[in-house]
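Shown next, in structure tokens, is the structure this report addresses.
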């Protein structure tokens, strides 16, 4: 049976490299046929905003990679509705790559995964 | 007239190098005859605890340098009583190098200094 | 002295604003710009426009925006700056 | 799966504990050991003893202490560990 | 007896995580367990430079990892992508990128992220120090 | 016209602070102000390695600082104590510490913390990027 890996994004993009370097792990593990979940909680929900333009500050835009998760066979992409609400963000401002979820379901995914990474 | 510098310690020791690298700045600026204030707020109050033993984990103990501040002519060493209280720390657990102060006095020191450093 | 506080860590908002006086200003930069959608504003509260645009947050914030040209001007208008880290 | 949560950042205590289930455990290490004097404990809440000693905090904490030998044992007793960063 | 691998992402110069990882590694080895691989990622790769030169009375993390790995026969692997970005370079990569000089400590190897996945799948436990 | 110095403590590899500092520097120069010195401290010194090798389509912070400093005639100074600890070494320090190799970019100089104090006292404004 293939092993499962949950990757938790909990930081906003561009002030740190966490999102980008977690994505590289997700894509690599997917190539090894692991079952990957990408979970967005806390300020990590900002990773999924549309219309990111870090190139105006000469930083690499990694947000398009989120759109490629499905191509890599990563189908469980959950975003916390409670954390969106607390940040007054509507789902319509996010790229259409994630499913609206809640803490309970996200915690269940973490609990059931063989490995869990944050950065 | 000599310039003044306030150095704000707001992080606990040893999980990061902030305390140690701020101390180096304090001692150097004191050698240039700047008027230095060392201010301890938030988790920075833990920098002043007695009986630190980071050497058991092979880390350098920088806490004795706080005792040397006065020798370097740094006489304004203030610790926030509100932040101590919030952390249930009594002043008796701190090295006898700082004066118990409060946010109002600490803010006044920050406001009146020509330069302010954090790390 | 009128002081410009520059904040880049969203977790330190409360500690930073507690240190500010009435004549001081706050500029949110880098990851801290997300606070401009979470916290209520005030006339001395600014947010760096380029960092909002970088994150796709330019449309949602009601805070007073400053671009890099204005950021430089703020550091000269105030007597000193404090980068709250 | 029974999970051991390892926390080293005191600012993430709330987010970390929100993710934990009833069969999980929490181990505070590094700078997060200061929380053992600020937060109330629970039978599945542990704090790394060597990190308390390093900081002069060994006497004040009422949390259940584990040393490095027990830290290794915990990672084997639980099915997996999550370092909450 | 269990087989561990470690994932170390902590900055060796400004955080405690590498000290913790070494203490954890020494303890598990002392208990008779084994280490398959220590994989360095993110700022963790900075420990792989042989030019790291702490004051002489302080712990040298690079040399401590090297000695431990040689004594107990396990691998120290730094992720190539994040290492190159951070100026951790071996002779091969230096040649390929027209850089003069290299700085990798000989006890460390530079390789791909696949080595992390392999370590996960072939160890009983993976513990992260960030 | 005002004279600025910058204190840069941000990690160039895992935070945004060096990007912000460069943008701030370019903007103030464009407005006709001048820079006396950019002083690198804490993890900020990591930008002084000429071996930093980001992917070719990405911004090279080391080269960008170097070009800006040469064009506008200001100093890039890394603090010696924290630089050596972090493996940022020039030939003199390498010799003195029996290290093989060095990695400092020629546009940067390594010096003491006194250079920071001097920059503070001789500039109209000091702005920190951490």
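Note that the chains are named A, B, C, D, E and F in the order they appear, and that numbering of residues resets to 1 at the start of each chain.
By definition in this document, contacts are C-beta pairs under 8 Å (C-beta built on N, C-alpha and C of every residue); 3 or more make two chains touch, one makes a residue touch a chain.
Quick caveat, the model's predicted, so the values are computed rather than measured.
Visitor: Following contacts chain by chain, what is the lowest number of steps it takes to reach chain C starting at chain B?
Guide: Between chain B and chain C, the shortest chain-hopping route counts 1.
Visitor: Could you name all chains that are in contact with chain B and with chain F at the same time?
Guide: Common contact partners of chain B and chain F, which must touch each of the two, are C, E.
Visitor: Spelling it out: a chain qualifies if it touches chain C and also touches chain E; which chains qualify?
Guide: A, B, F
Visitor: Averaging each chain's C-alpha atoms to get its centre, pick out the one most distant from chain F.
Guide: Of all chains, D has its centre farthest from that of chain F.
Visitor: Give the chain pair, either B-D or A-D, that is connected by more C-beta contacts.
Guide: Pair with the higher count of C-beta contacts: B-D.
Visitor: Measuring centre to centre, with centres taken as mean CA positions, what chain is farthest from chain C?
Guide: Measuring from the centre of chain C, the most distant chain centre belongs to E.
Visitor: Same or different for chain E and chain F, when you check if over half of the residue numbers at their contact belong to both copies?
Guide: At the contact between chain E and chain F, which are copies of one sequence, the residues are largely the same (over half shared).
Visitor: What whole-number Å value describes the gap between the mean CA coordinates of chain A and chain F?
Guide: Once rounded, the distance between the two centres reads 34 Å.
Visitor: Express in whole angstrom the distance between the two chain centres, defined as the mean CA positions of chain A and chain E.
Guide: Here chain A and chain E have centroids separated by 26 Å.
Visitor: How many angstrom lie between the centres of chain C and chain F, each centre taken as the mean Cα position?
Guide: Between these chains, centre-to-centre, one finds 24 Å.
Visitor: Going by the touch rule set out above, which residues of chain C reach two or more other chains?
Guide: 8, 30-31, 50, 80, 83, 85, in rising order.
Visitor: In chain F, which residues are in touch with two or more of the other chains?
Guide: 9, 13-16, 20, 23, 42, 55, 82, 126, 128, 130
Visitor: Where in chain B do residues touch at least two different other chains?
Guide: Within chain B, residues 14-17, 57, 59, 115, 118-119 contact more than one other chain.
Visitor: What chain pairs are in touch here?
Guide: Every touching chain pair, ordered by label, is A-C, A-D, A-E, A-F, B-C, B-D, B-E, B-F, C-F, D-E, E-F.
Visitor: Enumerate the contact residues on chain C facing chain A in the complex.
Guide: Checking each residue of chain C against chain A gives 8, 10, 30-32, 34, 37-38, 50-51, 53-57, 60.
Visitor: Along chain B, where are the residues that touch chain E in the complex?
Guide: For this pair, the touching residues of chain B are 14-17, 57-60.
Visitor: Under the touch definition given earlier, write down the residues of chain F that touch chain A in their complex.
Guide: 13-16, 19-20, 22-23, 55, 57-59, 64
Visitor: Which residues of chain A touch chain E in their complex?
Guide: Touch residues, chain A against chain E: 3, 5, 17, 21, 24-25, 28-29, 31-32, 34, 115, 117-119.
Visitor: If you look only at chain C, which of its residues touch chain F in the complex?
Guide: 6, 8, 29-31, 50, 68-69, 71-72, 75-76, 80-81, 83, 85
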